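In order of appearance the chains are A, B, C, D and E, and numbering begins at 1 in each one.
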């Protein structure tokens, strides 16, 4: 700023970081959602009274979800550095940020998926069973369509949580809009950068929510 | 107390071929119990049910609300498990099967649910196609077949709707379509027509009968509507408080109900009580109650009594019902005349109608 | 004096209960072990408050919610004073470790090559210091207008090796060491992270302006308790404590403690 | 085409007092339309329905699945709004009311839902007590009253259960109990008995009748079961495709159905088709079809024909039904004899039965 | 402590910070839940087609939720300092941390409550309306009992998110177990402190989840 320049960040930098945010968001959401849905489904089917009730698998997964969710993100990020390095070869940069982001979001999505699936009326599962559907089919052909609306809302909620988490990913040099907000807006007191980045974040979140709500409403339409 | 077809009344019992031999039994209930734990002790939904459903038959179970009918039918495809006894589907104890075996067995059945249980977020067509999709049928073919079945149940134009946009009866027909789309060997119906008006009911009954005749599908019907039993079933079992209290061919149970509860159900089709209107006439003379079957119904009984026995006859009550391929009639008549002629008329009737009895004030 | 505080109601001259803010790390440990006993002897009781952030801790100081903080150098403090209109001033300098340039994937300064990655702190004033170390190494040149309060990679005017700067949270720099070619780590994280300052490829020439200070609000500079803190940091007991603990090897000592 | 009670057959019409005068109308449908937007154009669930439901009457609406019955009944308490026309409850257009006014109006009604709509997480007792709780009745009192009503519907021992632990029919009775717990002025029943067995149905009908008689509650019944109409209602309207196609007193519609659809419904109680068994005899001689009401039913018609007119009479079909306080009979007889006697018999019958017609092959 | 001591934290410190965590968690959950439920209910009833459909109120609240959820916690914390000072008279310490924690958790709970309430079958609302229930009664007497199971799960999820957020509260000198994990475990590389605090966090989260699941299962029992 010094020399009286209006702001510390350039348009180029802004758009680059915006790209980084979308990259981190997109990739970690993609993997997080896949893992999360798998986790959620396994928890639902292995729970006591579920289609494939299995006390051990259920307890292990349930505890695993809780462990990951217990650990503050920044600590999780450090704790899994060896794993991150194994996976992407480095512990810094956007690619490295994706690993802890995914690891932290997947169990969260898993829990939300679990909650959604448990809301599907029991009769639907019964009808599916009466047709000889496999547990996988019960999920893909019955529970998934019926829970679609609430699943979309859950994913929306998770995605928004992820936007917040990407801001913290700045710690590993990953950058992104949230990091811009903290590094420039907050730490360097660049009011303009703060405004632009926060408004951008609000727009991103608002868009995700609007799209999510609309998709959910459509899916929910009966 | 359950009776076998052996002692049933008319010659040709319409029971499915080979009934009674274990080899031709589609579903066997063998001392089945189902208890629910409950704060105030146990609730017994099924209390030792033994029953054979002959292959290829249309078998009805009737009973009051809460008798255990839904519980019984849910045992057949393994949706519920006995807490005691065994349920054999085509000779196999479902409880003994591994999951994959159970699923294979379930695929040979189709079930119509009392509360429809449709997917709310999916079109009617896709609801009906779903069982085929599970079998790996291509989506196109599954949908085409679904449309065929929807046509069957009179919903050809509703394929694109969601269940939420249908009336209660339309939903029930979607459930029926879904249950029959796979041409199941055993079709389980839990109140399959209770949300339907009479003419739709008649169509559905026609449809079920056609399925039974064409594919030899065993149909296990649970209902509280005696009309459904009357028009559709070969055999009927009457349930009460989790027990089978009576069992026989439909005609048999209709003509000679053994238990009060069976009589009450039969009475909804062929009244068993004597109308108040008739009771007013008790004491005016002899009131006779006749039950007639088939030819007895159309023979000129009254005419014969009047002209040949010289008695005065007033028909105080009469009604007739078609039960399976048989006509069952019920009449209450007042007979007046000299004692000997009246006695002769009685004697003649005794050997010309299925049953005759004097009506006395209850 | 005229700057002494009379808004707190109670007579400031008799104030003995102090509230001091820290960022967790060596300065707090040093205070607890080396200074606190002296202050307690003088009749003071101290409540320490941990902040994990540098901005809020200065706001709390300026608003009187804490009496002093010991976690920053005067450059940083000044920059925040300017930004937020605070009136915090430096009371006394405390011993502190210098910034250190470590080799990660590279083993010596000579291995630097085109596109080498260099991790630097993401906080502007520490980034400024890190850049100064790199200038000392002869790797970059900086803009004349660089300001410690807002320093950013944009201030690097000459970068012949085309160094790639990786901006990290201070504590992240230690575990990230093996993922970068070079790593310029703030001294207290070097110490806390179990690295040895003596293993560094290059140490910061720590000037007074980047030495950590005890900051107080301007109006309290002349209070008794402020004087007591200042005296404690300049006392021989404290000098003895620093000298006798090997963990402070390599620390930059204020003039008053240099023996 | 809807008929007013004026031209109904027997002397005493059982229609509620003062029917027809607008002051005593509980519910008035005034050219009501209900259209649903749909991909393939609009769906008309109600297509210009005008109907007055007299205060204190039991008014039935019957129609096939999808006719618009549920849609109609949901208009009465403002659950649905007309897209055209007005619905007046006790003279007030519900659409014109502010929210508080609408709620007050709704509290004077009770509704039994086709699909029960019970709270699944709450005991049966608390489900029934809920409307009272809404009114601020103390929990104790509300529960006590709920138990009373549960006793009414035969579920005295089920108060502690959750709906999920009940059978279909039991759930329906909980819905009924909840609807009547406030002693509503207007009771709306959407298929209130379709999940019930005949004897429970009879009990519920008895109960509804008692409520109507004791409290003068107007009961608006929507059903596909003609038996319910027959046993319960004073007036009936027949719906088809969103329109009222026939309307009159129950007896009236039963004795002289004007439309095919009404005839079809009536036929489920008093058969209107000629049984196949009877058709075989067409051509053997004159087949006459008689409809009898009340005393005509118990008078010795056949005897008279045989003894006084010297013709031979064979009863090919006969049945009777109690409709409201009246007996309706239906007979098909074959009359043989010299032409003049047969003619005389015809003439005599013409003035002694409600209707007579020759049966010809259809 | 210094020198070769095994760990930097003392048992006293640990238990004090544990108490602080429970204090922050308890108070912010209490207010956050109240506000969140109110927000969720208002969003549900004012949404298009809701009992008190009101486009303006709905949109304002919906956007407000999104704004709060868009802003990284650290920025939110700074942004509302004047408000915090107004409310609790200071901007530092546990009491001050409660304000941003509550402000950040309430809209999140609101969103979860909204999702849960939308899952209650439409027929229940219809039955309630047919009895002339007021919108408030529809909520308290019908939706709430029916959604109780999923609401409890949602609150459980939110509480666990809150545990994570309290760790960040260290920024304002609030302390707590999460801050201990970050200050000692993360910033001072104190492995033992890290282990103890993380295990403690896991136990807290696991306990919350177990209690939540059990309560939900009981509420859900049909």
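The definition used in the following text is that a contact is a pair of C-beta atoms (placed from the backbone, for glycine too) under 8 Å apart; a residue touches a chain by one contact, two chains touch by 3 or more.
What you are looking at is a predicted structure, and each value in this text was computed from that prediction instead of being measured.
Tell me which chains count as touching both chain A and chain B.
Chains in contact with chain A as well as chain B: not a single one.
So which chain is farthest from chain B, going by the mean of the CA atoms in each chain?
So the chain farthest away from chain B turns out to be C.
Measuring centre to centre with CA averages, how many angstrom lie between chain C and chain D?
The answer is 89 Å.
Quick check: how many Å separate the C-alpha centres of chain A and chain C?
Distance between chain centres, rounded to whole Å: 37 Å.
Can you list the chain B residues in contact with two or more other chains?
Expected reply: 115.
Please set out, as single numbers or ranges, the residues of chain E touching at least two other chains.
Where chain E meets two or more other chains at a single residue, that happens at 74, 78, 121, 149, 182, 186, 220, 222.
Quick check: what residues of chain C touch more than one other chain, meaning two or more?
Answer for chain C, listing residues that touch two or more other chains: 55, 171.
Give the pairs of chains that touch; include all such pairs.
A-B, A-C, A-E, B-D, C-E, D-E
Using the touch definition up top, name the residues of chain C that touch chain A in the complex.
55, 80, 83-84, 119, 122-124, 145-147, 149-150, 152, 154, 166-169, 171-172, 175-176, 179-180
Which residues of chain D touch chain B in the complex?
Spelled out, the residues of chain D in touch with chain B are 36, 38-40, 43, 62-67, 69-70, 114-115, 160-161, 165-170, 172-173, 191, 194-200, 224-226, 264-265, 267-268, 275, 277-278, 281, 297-303, 306-307, 312-320, 322, 327, 329, 331.
Which bits of chain C are touching chain E when the two form their complex?
21, 23-25, 29, 32-33, 49-53, 55-57, 59-60, 63, 65-66, 170-171, 174, 189, 192-194, 245, 247
For the complex, give me every residue of chain A touching chain B.
121, 123-124, 126-127, 129-134, 137, 141-142, 145-146, 148-149, 219-222
Which residues, counting only chain A, touch chain E once they are in their complex?
Listed in rising order, the residues are 62-63, 65-67, 69-75, 78-79, 108, 111-112, 115, 118-119, 121-122, 149-150, 153-154, 157, 160-161, 163-164, 167-168, 178, 181-182, 185-186, 194, 198, 201-202, 204-206, 209, 220, 222.
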